[in-house]
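What follows is chain A paired twice: with chain B in the first complex and chain C in the second.
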Partner chain A sequence: MPTFDLASVPLRDLNQALHAVGAGANETEFEVINPRGAHAVAVGIDAPVRVDVHGSVGYYCAGMNAEATVTVHGSVGPGVAENMMSGTVVVKGDASQYAGATGHGGLLVIEGNASSRCGISMKGIDIVVKGNIGHMSAFMAQAGNLVVLGDAGDALGDSLYEAKLFVRGEVKSLGADCVKKKMRPKHLALLADLLAKAGVTDAKPEEFTRYGSARALYHFNIDNVDAY
Partner chain B sequence: MCGIVGLFLKDKALEPRLGALLSDMLITMTDRGPDSAGIAIYGPSEAGAGKITVQSADPASDFKGLKAALAKKLGVAVSVSVRATHAVIAVDVAKLDETRTVLKELRPGVTVMGSGESVEIYKEVGLPQDVAERFKIGAMGGTHGIGHTRMATESAVTTFGAHPFSTGPDQCLVHNGSLSNHNNLRRELVRNGLSFETENDTEVAAAYLSHKLATGSNLGAALESGLSDLDGFYTFVVGTKSGFGVLRDPIACKPAVMAETDEYVAFGSEYRALVNLPGIETARVWEPEPATVYFWEH
Partner chain C sequence: MAPPARSIISTSTMSTRIEAGQMTYKNPPTAPRQSATFDEYTLSEIRRAAATGIYDIRGAGAKRKVPHFDDLLFLGASISRYPLEGYREACGTNVVLGARHAKKPIELKIPITIAGMSFGSLSGPAKEALGRGATLAGTSTTTGDGGMTEEERGHSEILVYQYLPSRYGMNPHDLRRADAIEVVVGQGAKPGGGGMLLGQKISDRVAEMRTLPPGIDQRSACRHPDWTGPDDLEIKIQELREITDWEKPIYVKVGGARPYYDTALAVKSGADVVVLDGMQGGTAATQEVFIENVGLPTLACIRPAVQALQDLGMHRKVQLVISGGVRNGADVAKALALGADAVSIGTAALVAIGDNDPRWEKEYQALGTTAGAYDDWHEGRDPAGISTQDPELMKRVDPVAAGRRLANYLKVMTLEAQTIARACGKNHVHNLEPEDLCALSIEASAMAGVPLAGTDWIPGKTGL
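This part shows the complex of A and B:
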């Protein structure tokens, strides 16, 4: 298993090695040590490899990920798994702002807390946060699922489209057009599946509340014409 | 974008290393702001002793004979220690205001960077590495300090536009962000008797906090009132003679990471700034909450 010690090897060597993995490659497991808060660790992977990062990283770790499984044994800075397409990203610690932003697919698991704007503009990614999330999370979220085992901050799901939000704890406040919704059997099944995929064994789907779009902002309301 | 760092020591054994630790943190943040850099160091203070940090564009002639000229005019002993373009004038604390007035007459080309019993402020245009070396920050000891590396968005890239800003005794502020109501607030503060050296938004925030502290608030209360009076984006790190505070605006898009151990409280714009601190592997590391005042006092 190739190991990249970022205390002595340039980050570019790691990312180029990860981008060079072709179909049927033998080396599919990589280890990264001493990331020391570096930015853009393991970004742009497009192969079913496994990367274990030992330590905390900075901005945009595992951004644009496709197919790979990236595990950070530490905390991550802003924009982890930003625009992820597929694969799995697991953060053992906390995540800073806009985790999983604009993600199109795949699964992002944050075992600690995520701060503000978690899942902003998500477009199909599934995000499971075992702790709490900060304010303005799932802002303009279009598709995908955000599951939060702890609490959510202010203005959850502001200007939400069709993403589904499931929160087990308290929600400090809901954003514009985000409303509490009924948990139907298909949602319970979806949630059970997401929790299982994220390795959560101590939470039941019935303990969560579902939030989604009231769809009141989808169309122009003629009563507001004087406002423009 | 700017980079800010702060270090508040709880363990006296680390005090001789304050300058070295803080300048290392600041140099790591160079790529967040390469146009100017500055550091405020809170050193040990002696009862009755005051100090003024001054800057000159022509240090060779401005600082020459300054000690004797000041002593003659003030009638008390004065010491002047020169560090490149800056000098620290040590004088009886009761004579601080008089010294500033006399200084204006004797050396009109000299600008006061900060004054008080403890703080020394060094800032210049240039990379953090060069600025730290020019002032030999690495060799300085102290109890706490803050640093800033600037990528200018408001006002010119000059020594006076660099942070930290100090507008009150032993008070200083560094800022990542931009304020949108600083012109109006500056006018209000001028009416309250404060004066300004620059067109910079951060100087207004520093003056605002100084005004609050001068009118009876402690640091925590001053920061709290800033939440409703300051409009814009900000992550602030603030120093006072005995304290160290952090405040982020309610939107909190400017990054911030903090770490605490039994030995220190540290602040960085990014985690990278903290990785060389002793015991960081086992420190409690967290992101400060938006619109929440954090402060520590010795």
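This part shows the complex of A and C:
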């Protein structure tokens, strides 16, 4: 298994090696050591490789990931898995702001807490946070699912579009146009599936509350102007 | 009541008849006087706001008159400077963008590019026409909010892919097949504003590209979701470079607001190219109050930006692309003389492919407007088939013929710029310089930093 020691190897070499993995490649498992908070670690991968990062990273780890499974054995800075297309990204520690921002697909699992704006503008990604999430999470979230086992901060789901939000703990406040919704059997099934995929065994779908868009801001109306 | 005799008293009517002995005369009427403050347009806007309760949204750029390239003149050659022979002595027009960091810089044959205009705001055939025209002329075109379409990728030899706050349609596949990446921080029409695409333009295709339900109003965010400020921007640019293996030039586009600092910060953040869009720059849909009241005129943006590049030792190393109201080869030459490396055009390119054409006058009138003034681009009913998603209307754009017209227009602009450059004795349009210019007004002189015509006075720089 190739190991990249970022204390001595330039980041470019790592990312280029990951981009060079083509169909039928021999090497499909990579290890990164000493990331020491580096930004843009393992970004733009477009192949079903496995990358294990040992240590904490800076901004945009696994950005725009497609197909790969990236596991960070540490914490991540802002924008982990931003604009992810597919694949899986697992963070063993905590995540800073904008985790999973604008993600189109795939699964992002954060085993610790995520900071503010988790899932901002998400476009189809599934995000499972085992701890709490910060304020303004799922702002303008368009599609996909955000599952939070802990609590959510202020203004959850502000200006939400079609993304579904499931929170087990407390929600400090809801953002504009975000409302509590009924949990139907199909939502319970969806949630059970997401929890299983994220390896969560100690939470039941029935313990969660679903939130979604009231869709009152979908057409501009002057009487809603206070909400804009 | 008996009419007053021998005196002029009544002013209550305009045609008071006065008996003066045997004589009768008419008091000269005062003409109805319209207020300069409450002019016809202002009054109509008050009535419109009162009736609808919604601010006015429209397309295009600022329509008010502001100091512009028209307020500058070239001096031409004289005894101290000799001109080049038209058509005989070469005058280069090529420009290389992105050599600062990108492994694959792009080279344009002409210093005029097509600005980013979103699919969604524009029809597929219009995007294809822009791609075809730009390619024929040897220059680039740019995607916009809403992602990359096959029409434009397929027909644009050089395509710049915009990275916008909304990230609609953003994906690594398109990032890799782009020739350059443009991180959009702002636009001249609305520095600090987001976007709004009204439901009527959200066809199924547009909705799918943006991952949103068809038919709803789409707000585009005004800030990027995952970075704020220059330190973050630097890291964001690093990420984009890492994703694309440092191949592509990375542009940063800003609206004209604080051009000196924005240019300096873009350079500091690692941009290869700075795109600076003045307040006359077009938009697909923005509040009128924003378009007309926020931002710096294009003319006022250029010198501070060039100064920032010079102060950092980066002039000509980081390229400066100027936009906002560029209409002809003289505008191009003036922007370059002030220090830009290239210009980009939006509105003018749309006009070249048929926007606001008088041939559709009847239909413009039916929409309550007239050819040349039509700006309800957000409504999707464009008679010219350009700012619409209506399948019938968009058939009116023949992408091949419209592309040809755009190429013609780009060639004319280039020839015009060369004509001026040769007259100033320059063998490349980039050799034009501020010393080739004078200004027609004190305002333009101050903004462009060139002397008022016939004087050596630049307000704020020389003399008083």
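In the analysis below, the second predicted complex is superposed on the first by the 221 of 228 C-alpha atoms of A that agree within 3 Å, B and C clash if a C-alpha of one lies under 4 Å from a C-alpha of the other, contacts with A are read in each partner's own complex, and residues count from 1 in each chain.
Convention: a residue touches a chain if its C-beta (ideal position, glycine included) is under 8 Å from a C-beta of that chain, and two chains touch if they have at least 3 such contacts.
Remember, it's a predicted structure, so these values are computed and weren't measured experimentally.
Visitor: Regarding the shared-chain residue A:Tyr218, is it in contact with chain B (first), chain C (second), both, or neither?
Guide: Only chain C is touched by A:Tyr218; chain B is not.
Visitor: Of the partners chain B and chain C, which touch A:Gly44 in the superposed model: first, second, both, neither?
Guide: Once the two structures are laid over each other on A, A:Gly44 reaches chain C alone.
Visitor: Counting residues of chain A in contact, which comes out ahead: chain B or chain C?
Guide: C
Visitor: For A:Thr3, decide between first (touching chain B), second (touching chain C), both and neither.
Guide: It touches nothing on chain B or chain C.
Visitor: Considering only touches as defined above, state whether A:Arg36 meets chain B (first), chain C (second), both or neither.
Guide: A:Arg36 sits against chain B, while chain C stays out of touch.
Visitor: With the two structures laid over each other on chain A, which partner does A:Pro78 touch: chain B (first), chain C (second), both, or neither?
Guide: So A:Pro78 meets both chain B and chain C here.
Visitor: Classify the contacts of A:Gly58 with the two partner chains as first (chain B alone), second (chain C alone), both, or neither.
Guide: Both partners.
Visitor: Regarding the shared-chain residue A:Ser173, is it in contact with chain B (first), chain C (second), both, or neither?
Guide: Neither chain B nor chain C is touched by A:Ser173.
Visitor: Where on chain A do the contacts with chain B and the contacts with chain C coincide?
Guide: 58-59, 78, 97
Visitor: Under the definition above, what is the set of chain A residues touching chain B in their complex?
Guide: Against chain B, chain A makes touches at 36-38, 56-59, 75, 77-78, 94, 96-97, 115-116, 134-136.
Visitor: Which residues of chain C touch chain A in the complex?
Guide: Listed in rising order, the residues are 52-54, 166-167, 170-173, 175, 196, 198-199, 210-213, 216-217, 219, 221, 225-227, 232, 235-236, 238-239, 242-246.
Visitor: Considering the complex alone, what residue numbers of chain B touch chain A?
Guide: 250-253, 255, 257, 270-275, 285-287, 289-290
Visitor: Please name which positions on chain A make contact with chain C in the complex.
Guide: 11-12, 15-16, 19, 39-40, 43-44, 46, 58-60, 63-64, 66, 78-79, 82-83, 85, 97-98, 101-102, 104, 117, 120-121, 123-124, 139-140, 142-143, 159, 161-162, 218-220, 222-223
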